[in-house]
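Shared between the two complexes below is chain A, which pairs with chain B and chain C, respectively.
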Partner chain A sequence: MKPALFTYHRPGTLPDALALMAEHRGGARVLAGGQSLMPLMAMRMTRPEQLVDINRIDELKGIRDTGDTLTIGALTRYSEILRAPLIADSLPLLSEAIRHVAHHAIRNRGTIGGSLALADPSAETPATCLALCARIVARSSAGEREISVDAFFEGLMSTALAEDEILVAVRIPKRPAKVPHAFLEFARRKGDYAQAGIILAPSHGGVAENRAVVFGIGSTARRSAALEGAMTNGLSAEAKAALQQEVTAIIDDDEGAAYKLPIVMTLAERAMGRLKP
Partner chain B sequence: MTTAPAPAVGQSLARPRAKRLVTGRGRYTGDIAAKRALQVAFFRSPHPHARIKSIDVSAARALKGVVLVATGADVAKHCKGFAGIHRLFKGMKAAEQWPLAFDRACWQGEPVVAVAAETRAIAEDALDLIEVDWEPLEGLGTPEKAIAGGTVLHESLGDNIGYDGTTASGDVEAALAGAAVVIEDTFRFGRHTGVCLEPRSILAAYDPSDDSLVVHESHQCPAQQQAIFADLMGLPEHRVRVVCPDVGGAFGIKQQLYGDELATCIVSKMTGRPAIFIADRVESFASDIHAREHVVKGQMAFAPDGRILGLTVDDLFAVGAYSNYPRSSIGEASHVAALTGGPYRIPAYRARVRMIYQNKPPVGHYRAVGHPIACAVAEQLLDRGARALGLDPIAVRRINQVPDGTASHKSHSGFMLNGLTVEACLGKLLAGFDMAAFRREQQDARKRGLLLGLGIANFVEFTGTGAPYYGESGAPVTAQESCLARLEPSGHVRCLTGTTDQGQGTDTAVGQAIADAIGVSFDDVEVISGDSAGPVGGGAWASRGASSGIEAAVRAGRALRDEILRLAGLILQRKPEQMMLAGGLLCDAASGAELITLREVATIAHYRQHLLPPGTQPELSMTRSFVPQSQSFITTNGVQLSVVSVDPGLGDVRLLRHRVAHDSGTVINPMLLDEQIRGGVVQGLGAALFEEIHYSEDAVLGTGSLMDYLLPLATEIPDIEVAHLATPDPGTSIGAKGAGEAGTAGAAAAVLNAVNDALAPMGAHISTLPITPERVLAAIAAASSSHDTKPGLQG
Partner chain C sequence: MSGPSFDEPEVTIELTVNGATVTRRVSTRRHLSDFLRDDLGLTGTHIGCEHGVCGACTVRYDGEIARSCLILAAQTDGSTVETVEGLSDSGEIEALQQAFLARNALQCGFCTPGMLVTAADLLRSVPKPSRDEVRDAISANYCRCTGYHAIVDAIMAASEKLAVKS
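Moving on, here comes the complex of A and B:
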């Protein structure tokens, strides 16, 4: 379990990092917290030739109040998010979700940008950003763009980020603590990736639509139209049938996941129950 | 006058080694510096079963930093082949093995080529450059497939059945025919393994100048390894030395021989340089021994009052591609045949066990070898019988248990079970447990949609294996333990023991016992273990450290004390029997008056012999041995209780309470004993709910890392309440019985019974371990589809 040979870079500024990404387009990988990348490299499941360590780049760190949104730097660690009063006040759903991510040691290193870029379908952070209607800020040496989270996750561990882009921040509409939400997941052990999870974020002043996310099944976290409707109209028999249909369609392409259908249905019912005042 | 200090035996003394380990000063095999050492990595078969048409290692050999690339054929020139036959089991068949595969690979992960390089990273780079032309063959991934009459794994054996044996007593057909209720089921036990914090590691240093081999190895049995390396490599045994330094967990994983470890010794011989191989976690899943893949059909026949009339067991035990060397892989199945229903009087019994070869790594002797299977099968059949008869499962246990106080009970499987305390353990287990309150809570929880369940599991154990078992096997495995106790000139004691310590604290317990036997304080004794150049002993297995290892230490300690008293008598002109040694002081036996310090006696005996009477020859090192010579095992027993909750919507099982009562004989160190039980329970809970190595029907490995091989974490484990009985074993002076495996023996069965107790109102039950959400949901679905009206939850 030793990585294949690679060249290690540790740029001190974002432009330097972006220049490296442009120079080695396709051959370079960003190293953030390393909690997913290092094991993958050690098992030689991935073999980047160039590693661009962004841990010394200060402008990627920290949480800022940007009016109606919070802007969270890509290199912000899970543990910082859990400690931040800004998050507790304006995005309690995010901290509730992150409490389910792994264990202290991993949360001390792992970053929000790394989790979004990795796009694991069972991970809490991508699913929660989807529920929170986030926008992903990506930059390359050619410039910066914002990507709606609805267009960001493209498939199994794949995102809309271009090969030479670095995810620099995520911008999330504030969601005051008094607005209800539900986050429910089922994991085999505390801190494991979810077998399945449901997030319900009803509309509020900052986000005009109900957003419901199912994660842990299929290739990526997804919104559920059936649940979004049910958030307004209640979880009727028809809504349940529609949800069952949605989930079955996803699970059918996911080998060995058939058993998760009743789990998702149970979680959905319980999550709906939590929204009741 | 002095008062004798409190004996060390019976005190919860901390392990001196623990301080070293937790402060990062462990000395594991990987920490040992060896000049010019080469790092060895293995190219492993990516196929479950495939013929090797050709191997091209030229590119790997050409890589800078690579010193040796050796194929199976290259390595085989330096050793003999070996086969895991246990001669006690008549008719056992096992194919010959070599360190590396050379014409055919029989499991995914079998080592094929060894690469030795200046660094492990370079060695792994070289692995990428090896080209093997494979001809894939059919992979056998289940025991059913392996006995279906298709592919024969080893043609020389004729079929895939390595052993087929039946144990019987009484008229089992009549018992089944005349029963009020017969419960029949097929139980499946998933394949799992023991996960050690320190993976398998070996550092081999062959010296061509004197044909010697010094091996540092993370292993339980240095003396056995010495014998094997010498024999298989054709080296003089007295020039082979195996040292086991700190070992970070073993659990039976480090008990037998691995081809890659023998190959590492041969790499050292071929290169003339030390060679080190440290398995990484990923290759450990594909190369460490596995455990417990059994499919067991069981039937238990009951009289209307709950008496067991008969029991049948048919065990398909799927060991893997080979039988382990040197002890074989039969252990689990032989324990299933011997121990299923062991705590009970069963008038009629038939157990058939078949050891099946298939394309997976060998199954070995993981903690509690076979016991968890025997326990789960019998205890679940018993619970189901009680339920069918409308009887209390505890009452049914009570009427069937072997009565306490029976000095020797011949079991239905023909083994002598001595001094069982089944009822006393059950009583201890239930003392202070409010069963009525639990049943009320269970009713209330059901109303809230939560299923609670309680399970109890009785078990009998074989511990402290005696001479007959391996004596008959033909293997170089000793049941004997030896200990050398040496008086230092300062009056301190150094003790070398043949038993070994992989973290369980055996060294500490040996130190306590020998300190008392001599009459010195525990702090004045240093215990050294794990060196094949020391006194010969079996090492650690079969929960024998206390019963055999400590017995040898006590005998050595007493011999040294007697010699000290003799010398003191000569110095003081007193009769030895009128003196005693306690706390490092020699005192008058009658008055307790202090006469001379041990230090003074030691100084004279080591440096001033001219002061002793003419002709006196002090003997300041005493070696004594002990072997349970005639009995196969020291038998003991215990019982466990588990309380779980089952969330029927998620299939989620949570462990709420766990209790153990166990008879360990004399308790040497209560804290170490409790933690041995707890650690064992945790491994059993892993087997119950989490741990499984997945294979496809074609034997393709589906478990890649600890992300998908789930170990129980502290967050999943409830507080484990432990109680002991201490009925001394009459066969030794120390009276200790085995305890290291008791926790594992019964934990999974208790959980299985608890889950099935919880599921009973839904009409569902589970017969497969581990109990995953998927299996719980499937059981609930099967139960609701097999009823016309959904049973649902009764309030």
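Moving on, here comes the complex of A and C:
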């Protein structure tokens, strides 16, 4: 299993990388941690002609305290996020989620930006950024823009990023450790992608609304209005019926709806239980 | 005759492998596992799946364990790679090697280099791990022979031996 031929670029600065993306519009792919792109290339599921390796671009790395938010550079690796005191203090939900991502050797390389750009419906990080009301910062040679996470995931492995854009950072409202949350997933083995998962992030000073996310089913992680209502009013029989209806509408029969629906319902009950003081 | 060009794009890399500086020209699509095995003759790094799931190709890359099948040789310019050969020659994994032998923690041995590199990484950060922590650490390394039990035993035994020493 070897990738097809490609030209390799290793720009040292973001403007150089953006110039390459503009020049080869559509033909160039960003290489971040390579933990998904390398397998996809080895299996020839993708064959970029130009590979733009962003691993040496320092301005894409690191976590910064930006007032009410934390700004996490796209190239920040899972392992760094797990070690960072800023994340432990201000975004404990994110570290709890990332502990479920793959294994140590993979987390040493995989990046938050790569995971968001890939937009796998079973991945923990995109779903958690959706629950945390994140904003995605994207840049092209024409300039920078911020995209609300609510408009970022467009479908199966597809996002609002344009062909010549690089995801540079994600900005997430701080969420004090004392504010409750719930992260629950079911995976067949530790470190595997989730069969299904539920994240509950009740409103707090920084985010005025309850946010609930269901992931691992359908084409992308999605907010659940039924669960968001239940976070205020309790998981009544009506709320359960509404959740069941939501899930049934998005679940694909190929995924084994009969198998996954009970998992979601069970996770929902457990997750609601976690929010109780 | 005209047709598609199959010229392999190449780059020159210079990196440190097991303490020695090496300079080579490599094709851009060559991954680090093939580079170590075929260009440098370091065949201790094994290739099982070539897509990140089996762990046989685990090396230390700039000080942290990583899958060498998911890193391009072209990317490694200026970096430091340690393979099972390097860790063996330096004596760092001697206690682990002895324990694997004593506990029959290998049969065919295919997974063993990746297991040793992964276990050495665990013992560096958690010198006295619990069995659960050992299982967690090796959960991304597949072994098709031993059933894992003997491997966990061996890593526990090595950690106890190292604890007595230090």
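In this text, the second predicted complex is superposed on the first by the 271 of 277 C-alpha atoms of A that agree within 3 Å, B and C clash if a C-alpha of one lies under 4 Å from a C-alpha of the other, contacts with A are read in each partner's own complex, and residues count from 1 in each chain.
Heads up, the rule we're going with is that a contact is a pair of C-beta atoms (placed from the backbone, for glycine too) under 8 Å apart; a residue touches a chain by one contact, two chains touch by 3 or more.
Here the structure is a predicted model, which is why all the values come from computation and not from measurement.
Peer 1: Quick check on the superposed pair: does A:M43 touch chain B, chain C, both, or neither? Answer first, second, both or neither.
Peer 2: So A:M43 meets both chain B and chain C here.
Peer 1: Just checking: does A:A4 make contact with chain B only, chain C only, both, or neither of them? Give me first, second, both or neither.
Peer 2: A:A4 contacts both chain B and chain C.
Peer 1: Quick check on the superposed pair: does A:T125 touch chain B, chain C, both, or neither? Answer first, second, both or neither.
Peer 2: neither
Peer 1: Could you tell me if A:T111 is touching chain B, chain C, both of them or neither one (first, second, both, neither)?
Peer 2: neither
Peer 1: Figure out whether A:N210 sits in contact with chain B (first) or chain C (second), or with both, or with neither.
Peer 2: It touches nothing on chain B or chain C.
Peer 1: With the two structures laid over each other on chain A, which partner does A:T69 touch: chain B (first), chain C (second), both, or neither?
Peer 2: It touches nothing on chain B or chain C.
Peer 1: Using the superposition on chain A described above, determine whether A:P262 touches chain B (first), chain C (second), both, or neither.
Peer 2: It touches chain B, and chain C stays clear.
Peer 1: Please name the chain, chain B or chain C, that touches the greater number of residues in chain A.
Peer 2: C
Peer 1: For A:R189, decide between first (touching chain B), second (touching chain C), both and neither.
Peer 2: both
Peer 1: Touching chain B and also chain C: which chain A residues?
Peer 2: 1-5, 39, 43, 189-191
Peer 1: If we count contacts the way the header does, which residues on chain A are in touch with chain C in the complex?
Peer 2: 1-8, 10, 31, 34-35, 38-39, 41-43, 51, 53, 55, 79, 102-106, 108-109, 189-191
Peer 1: Residues of chain A touching chain B in their complex?
Peer 2: By the definition above, chain A touches chain B via 1-5, 39, 43-44, 186, 188-193, 195, 259, 262-263, 265-267, 269-270.
Peer 1: State the interface residues of chain B toward chain A in the complex, per the touch definition above.
Peer 2: 119-121, 124-125, 128, 280-282, 649-652, 690, 704-705, 707, 710, 712-713, 715-716, 773-774, 777-778, 781
Peer 1: Please name which positions on chain C make contact with chain A in the complex.
Peer 2: Those in contact with chain A are residues 6-9, 11, 28-29, 31, 50-52, 55, 58, 61, 64-67, 69-72, 74-75, 77, 118, 121, 136-137, 139-140.
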